[in-house]
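See the structures that follow.
In what follows, subunit A forms one complex with subunit B and a second complex with subunit C.
Right, the complex of A and B next:
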C-alpha cells in the first residue's frame, strides 16, 4: 500500500479536475499494459482489460503512489444476454475503485468473459474485501474466480440450483430448501487460528462444481 | 362443536360450604388458553417496529394476556411472524413452529408474512402459509398496532370456539391409536 497522510484535508474536486485525473489514470495504465476504453459504456468511462492482465492492472492501480486506489468499492457482474445491440462476450465483471488520495477520483475496470469459459483470476490477495465480493458474483452469475480461497455461495443457500441474476433464470422460479445453512466455516477457521479447540464443528456443505454448472444451464 | 356456554358457577362460600362449581371442560380450558397466550416474536422486518409500540404502555398488548415475550418456541404457544420470510429462512421458521408444543397458534402480521408482499422474486416465500398453518392474517404494510389488537381478539374468539375433547380425539387418531368413535 502507498504511504500517504490521510489526516490532511483533500483538495475538493471539480468535474474538470476529475476528467483530467481520469485521463491521467488511463494514460498511465495504457503505458504499462494493453487496455481499451469501453465503447458501449455511456455513463462512465471504463477500461476493458484482458483477464490475464487483470492482476497486474489492479496491482498498478493500488500501488502507484500518485493514484492511491486504496479502496475497492465493489465487484459487479453483468449479463449482456438481453442487451440491445450487444457485441462480444456474454458476461462482464466490473471492478470499481475509489482513490483516497485524489478527491472524487474513481475508476472502473472491466473484464469480458465468455459463457463457455467463465473464469477470472481472483484479486482477493490484493484487497481482502474482494473475497466476499467475488463470492457474491460467483453466487449470482456463476463466474468462477481462479485462486479464491473459499469460493462458495454468499447470499443464496448451498442447495440452490442455478444463478438467479442471469437473464435466463426465471425471476419468479422459487426453490424449496430442506435445511438451514450454518455458514460458520470462516468463523470456525478464525477461532481455530486463535487457538480455540472446536468440540462440535458445523459440517461444511459443499455441492460438487459439476452440479452447480449443470444447474446454471436453464 | 357448538360454542361453549358461559360458565355457570356457584362458588363455595362461608354461607354455603357444600356448594360446587359446574361447567363444561371446554369453557374452562378455552378461557384459560385464550387469556394467557405466550407469544414468540419471529421478527424479520419493519412490522416488528409496530409490534414494539404494541407491547409498550400506550397500546399495552398485555391486556389480552400476552404479558411476556418468550424467546424460545418451547415455552410459547403463539407464533407472531412479522416481516419478510425468505426461502433461506423457511427451514428455520418451520423448525421453530415444530418446536412449539400443542396447542399452538400462528399470526401472520403484515403483507410480507401473509402474501410475500411486493417481493415477487426467486428468494421470497409468497406467504408463510406455504410453510406452516396460519390462524389469523393481518393486512397492512406495516399494520397499525390496532390491527394487531384486533387480530388478538379474533384469535381469542377462535380459541374459545375450539373443543379440547374433539381435538384430543383427532390427535390420538393421528397417532394411530385405535379408539372408539
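Right, the complex of A and C next:
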C-alpha cells in the first residue's frame, strides 16, 4: 500500500470512464465473491453482500492493486421501515469507498440486516476511520458492530436512550440528560494501546441505563 | 494516574481536559489528555456538543427546506454546502445546469473556499499569538461578507444555490466588488506571509508538529487540503471534474510532510489558485438564464403563475409538496474547503427526503486528532487543532 506513489496527479476521469470502472469493479468482485445488485429499483446502485462475507469483500476491495479502494468515505445506516414497496430486512448499512489510485473510481457495498439480529462485523481493523463511522451508525440506528474496540455513542449524549434516526423514534421526543462522561476508560484504553501499564486503573463504574435515567431526573 | 512506561519507568500522569469550552477549540470539542509534564502521552476525543440532529430534521421537510439547514453545516463557507447538496439532488434528476449558473457556481464556490481558508489561517495564527495577522486577513473577509450580504441578504449563513440553478442572478457591480475583494485578499495574504514566512517563532511552533504520514491520513479517510499537505496530489476538481473545472487553468497545491506548517501553507497557496479560477470565470460570464426550464424543479415565473392555470398548479405543488426526486439512492460530493463534502440521499419518490447522510470532511480529520497530538506538547495540540480547521457545525451536524 505504501509503495504506491500518490504524489503523481491522476488523469481526469469522465462520466463514461467512471461508468466503465464501476462495471469492472463489480465484475472483478463478483468473480471472487457472491454479490448481487439489489433487484429492487431503489437500491440499484450498491452491490449487496452477505454480512458474513463483508470483511472478506472489503479486504479484496482494499488490497487488490487494480481496485485500490484505499479510502473509506463513510458508513451510512438506512432504516426502511414503511418505505414504499420495500421488501426484505428493515435496516441497511452502506459502505462508500473511493480509490485514490484509479481516477474517479468509487464503489458502494451494502449489507442488509434484520431488526431482531442487528449485528454487522466491524471493519475498524482495516480502516482507522471506520472506528468513528461505525460508532455513529450504532448511535443513530442501534446496529451493533461485532469486534469493535469501543462501541460507544458518538454524537448523542451517553445517557441518551433509543436510536434517534430510526423512523419510529419521534422527532419531538425530549430526554433529560445531565451527567458528564468522565471518559477515563477511553483514556486508559488509549494509554494501554500506547504501551503503558496502568498501576491503579480507575474502577469501571458503568451504571445501568435505568439508574442513569433515575439519577438524571432527581 | 500512575503508570509504567515502555522503559519500565514509573510515571505519575495527569489527566487534563482540553475543551469543550475553550477559546482555542473553535466550537465545542473535547479532548481528554494524559500528560507527562507538558507532553501528551495519550489522548481521547469526544464530539457531539453541537449535535442538532440535522439528519432527523431534514426528514421532516421538503427538499427545498433542506437548503437553509445545509448553511449551518460549515458556516465559514455556507454556500459551498448549498452547492454540494444541490449537485447531489440534481444528479438524481439528471439535470444539466445552464451555462451561466455553472459559471456563477464556480465563482461562488471558489470565493467561499478562499474565505474559508483565510478564516482558518487567521484563526490559526491568532491561536499561535500572531494577532496582527488575524486583522490583516479579516479586512478582506469583511469585504467578502459585504458581497455576500448584497448577493443573498445574509452575512454568515447565506444560501444561494437552489435545485436546478440559483436563488437569483448576480447583482449589478458584483464583478467590480469581487475584483476588489481579490486584490484586498492578495494584499492581506502577502502582508501575512511577510510576517510569518521566515518568522522563527512561527516556524518552530508549526514545522514538524503533529505530522501524519500519507498512509495514516488515507486510512483516516482524509480528503482536501489536509490530505494534500501530506503530499497526496488528489483533488476532486481535477480527478472527477464537475462544473467544467477541467477547462480552468489551476494547480493543486501539495505539501510534503503533513505537519501543521504544511497544512497552513497549502491553504494559503490554495487561496491564490482560487483567485486565479475566479479571474478566469469572470471572463466567461455571459448573460443568460440562471435557472433551468424544468417544471419538475424550478418555480414558474410569477407572471405565468398569475395568468396561467397550469403554472399556478405547478407552483403550488412545488412549494407545498416539494420537488419529487426520483426514487433511489445516490451519493454525490464536491470538493469543499475542507475536503470532500458528500451527500448520500435516499428518496422514496415523494417531496420529502427519506434519508440524507452528510459526509463531513471535518469528522475524518478530528477522528485522527488523538493520533496527531500524542507525543506533542499541549500548545502544539492547539496549533494542530486550528490547522485541521474543525468546524463544529459540520462535525456534529
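Here, the second predicted complex is superposed on the first by the 174 of 218 C-alpha atoms of A that agree within 3 Å, B and C clash if a C-alpha of one lies under 4 Å from a C-alpha of the other, contacts with A are read in each partner's own complex, and residues count from 1 in each chain.
Heads up, the rule we're going with is that contacts are C-beta pairs under 8 Å (C-beta built on N, C-alpha and C of every residue); 3 or more make two chains touch, one makes a residue touch a chain.
This structure is a prediction, so every number in the text was calculated from the model and none was measured.
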Message: Per the contact definition in the header, classify A:164: touching subunit B only (first), subunit C only (second), both, or neither.
response: both
Query: Which of the two partners, first being subunit B and second being subunit C, lies in contact with A:195: first, second, both, or neither?
result: second
- prompt: So, A:154: does it touch subunit B (first), subunit C (second), both, or neither?
  reply: second
Message: For the three-chain arrangement built by superposition, which of subunit B and subunit C touches the greater number of subunit A residues?
response: C
Which of subunit B and subunit C A:72 touches, first, second, both or neither: second
Message: Taking the superposition on A as described, I'd like to know which of subunit B and subunit C A:63 touches: first, second, both or neither.
response: neither
Query: Which of the two partners, first being subunit B and second being subunit C, lies in contact with A:181: first, second, both, or neither?
result: both
- prompt: Which partner does A:125 reach: the first (subunit B), the second (subunit C), both, or neither?
  reply: neither
- prompt: Can A:103 be said to touch subunit B (first), subunit C (second), both, or neither?
  reply: second
- request: Considering only touches as defined above, state whether A:115 meets subunit B (first), subunit C (second), both or neither.
  value: neither
- prompt: Overlap of the subunit B and subunit C footprints on subunit A, residue-wise?
  reply: 156-157, 164, 169, 171, 181
- line: Interface with subunit A, subunit B side, in the complex: residues 87-88, 90-92, 95, 120-123, 125-126
Query: Can you list the subunit A residues touching subunit B in their complex?
result: 156-157, 164, 169-181
- line: Seen from subunit A, its contact residues with subunit C in the complex are 1-2, 6-10, 12-13, 18, 41-46, 70-74, 76-79, 83-84, 94, 96, 98, 100, 103-104, 106, 108, 127-129, 131-132, 140, 153-157, 164-165, 169, 171, 181, 183-184, 186-191, 193-200, 202
- prompt: For the complex, which residues does subunit C have touching subunit A?
  reply: 1-6, 10-11, 13, 15, 30, 32-34, 41-44, 46-48, 51, 53, 55-57, 59-60, 214-216, 218-221, 223, 231-234, 238-241, 246, 252, 254, 327-331, 333, 340, 342, 344, 346-349, 354-355, 357, 359, 363-364, 367-368, 370-371, 374, 396-397
